[in-house]
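Structure in structure tokens, see below.
Chain lettering (A, B, C and D) follows the sequence in which the chains are written, and residue indices restart at 1 in each chain.
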């Protein structure tokens, strides 16, 4: 069901790879809600993914960009504004990757070159994006920027490795830049801390299926799906949430405030 | 602007007194978004307030209820379901009063009979409401219940007195009951921690104008108004936020995660 | 091992019942560390418990007091200062009881008369104690007051029932009163959020053994024992922690920041 | 006053520069409390600082190490164990520097090469240290590792720039590594979030004096000094706090839970 929540709004969506991607669902929902969007991902992701299918569906273009490259981001923002015909109202940052996780290196023995890649891709890219947007004054007043996070930023999750630090940093960037961007240009910046989701990225984490089932059992409403995340993100892009900023918002069926469940203990 | 976000939904709104009330704005917005609602408040509030004007505007009835009376709440829920023609999809709990604050008794010398009244009205009423809804199985699946809170639940705010304890308890009830109601009937329960708002209730707090100005200056987006709160609450009542539960959600222009602002320090 | 950490200090310990009690261990450790103490508990607890044995061991007196009675607290504080020969340096509040838990009434059907008793005994007693201390100016500068709490104040724990609300309120009182007492008289007030502990009180909670084992498995260092809690509390009474105030301090082997453990998932 | 709290314990202290340094005070207090310690800092700091004076006072050696160099850390840990005659009981990580702050580059225009240096020095060095300790099995059972943090990790503090992200990451490392090191070897890892302190490092932050005064006024007990921080850290190194791990512990006179103070508003 669509409500025209984003009618007339212009957005940029990072990180759609295939139909499982949260970013894919957000793109679809944003367009359903009346927005015009531009898609972006790395050249590699564009090659292996199915993004051109999504761009057709959304009747839009793909602007390739490596989110760790300020130059690429500048090019992206310039072209997006041209294509969309004005300032940007919303941005989704769904970007993350840890070579340490990919190579199954345990957290207590991580490789530090990998670590810097994890941080650059998964957290610093968010600062770079915000800095480019800010310098170009590319966001419309009360524009909304959202990055996807995970509870490992606050609590130890075995197997999530150095992505925990990346997400902690990501959430910090939302607060630090949010204070400045809010005061100066009324732009709001938040992170959504989502349930484990069976995306291509999620499935790269060792023990993901166990984590998924554990949180699904423990969360009173069960895990939130990619589709539900897209619904939620749409509300945060809309004009109805204009005073929500610098927050980390749990979208997790209640997992984050669930302590001990008698039912789960019984199992 | 309206989006039909609550089309076909049925709601109960506690606490509208006059046009300044957050509950008043929520009622108006809920109806604009397509909901059918029922209004309720205490007999005293109904006498001194302007609620009948609101009921006309919203084309609905008022069912008087003292939120501390289980009997009144049972009557309310029964009649609301009859009037609305089915189970309830959303409820707003905007109820709070501290005799200690009204009588300007300092926190370090509060009267304990007053304290129990503060708790009964401002926090326990929320449990009573949830218990009545639960026992009567009155909420529709994925129904949404929201209570209004304030950051004094987490940080010491001079002048807010025993309402701090009431709000801490209110937020705890949202988590505790949310775990049960979520698992058993898929109902979500959240609190919205709102900026100081210049309502009749807010204005009863000593030093409210100073508090309002202080947070307005410190919050990067400024304080959130009652209208903006209504917008936000509408998203939380909608089907787009179905997996958000047991959360305390700050709606405060960034105040809660703002530490030190150079600009504010200069002043 | 003893360090003379509390040499020359005067303290009041609430809540020792028998050798399992955390308060019992705190009393023993405080005396070992050089403090002079006074013990207190309700007349009923004094009858059923073994407190006289503790008072002999600690070479001190017992002053009966119902912690919900301001009169009793006034009498206690007066007599304690006389017995101890001066202002009080530290106080332990280890007081809690829920008739709803005792009678196995589920949280979604609690009795509200019981609820007020839970609150009065487990949370409001802390405010009453602080108010009496404050009015009598009975605490020495940089005195330290500690109340025992539990993580159910922040996260839903099935079976902990309305004690969750009591603990949320208790922690709020520590902040609210801590702000005033700190500014005016340099007294610090904190709560210690302790692992589930197999005390007489703890064992009254349905499913306590399961909860104990669950957190013991999940906490990287295992649950904290009553003895370990006493050690920790002694540091918080000492002069070495003078600027720690208005905090809720987890003493739980890491449970509170543990998310998902691969080892636990395997089981 | 000394208590022999660390009698027989062996420690390594990073980051003492001069008498203002928190690490300096921790080194002095640890030795007063009966510990044997080893000092370390970068070659540059050793040249410009007064560390040799401290080493004489503490009757110990200085082992130069760049905390970003795994090789240096390995050499440090090896030599420290030889000098101390056994496994290490406690470590203080007081290491942080931001070239972006030093060069007065605003947060919204930070240089990303600088950023990586900030992270490497101020946060990743902590992981490297822990990894070296873990691989060499250099910590004694129930050993205690502490890193110094600041509230900018949780709330936006203008002027603290990319150190906010470094501290957020530092606290995340304490949780993530604490879960592993706790379970496997019973080592506890915490961060202490300290008031602004007028150290050489602190004074490098633009507007530090204003920040210091602001928090000093707002904190009910005033800011915590370097000496008081040393006292607190000593308790966290001792055997009395064995079950405290993976926590971020505020040592700040109550600042972190202080919301609005009527007194401060009046000014």
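Quick note on the criterion: a residue touches a chain if its C-beta (ideal position, glycine included) is under 8 Å from a C-beta of that chain, and two chains touch if they have at least 3 such contacts.
Here the structure is a predicted model, which is why all the values come from computation and not from measurement.
Shared contact partners of subunit A and subunit D are B, C.
Summarising the inter-chain layout, the chain whose CA centre lies farthest from the centre of subunit B is D.
Of all residue numbers used at the contact between subunit C and subunit D, over half are used by both chains, marking a mostly same-residue interface. Distance from the subunit C centre to the subunit D centre is 30 Å, each centre being the mean of its Cα atoms. Taking each chain's centre as the average of its CA atoms, subunit A and subunit C sit 43 Å apart. Multi-chain contact residues, meaning those touching two or more other chains, occur in subunit C at positions 152, 154-156, 158, 175, 178-181, 220, 246, 254, 257-258, 261, 263.
Taken as a graph of touching chains, this assembly is fully connected, with contact between every pair of chains.
Those residues of subunit D that touch subunit C in the complex are listed here as 1, 3-5, 175, 178-183, 186, 188, 195, 219-225, 228, 231-232, 234-235, 238-247, 249-254, 256-258, 261, 263. Against subunit B, in their complex, subunit D makes its touches with residues 151-152, 154-159, 207, 210-211, 214-215, 220, 254, 257-263, 265-266. The residues of subunit D lying in touch with subunit A in their complex are 70, 107-110, 112, 115-116, 119, 123-124, 127-128, 130-131, 134-135, 152-156, 158, 161, 164-165, 167-169, 171-173, 175-181, 246.
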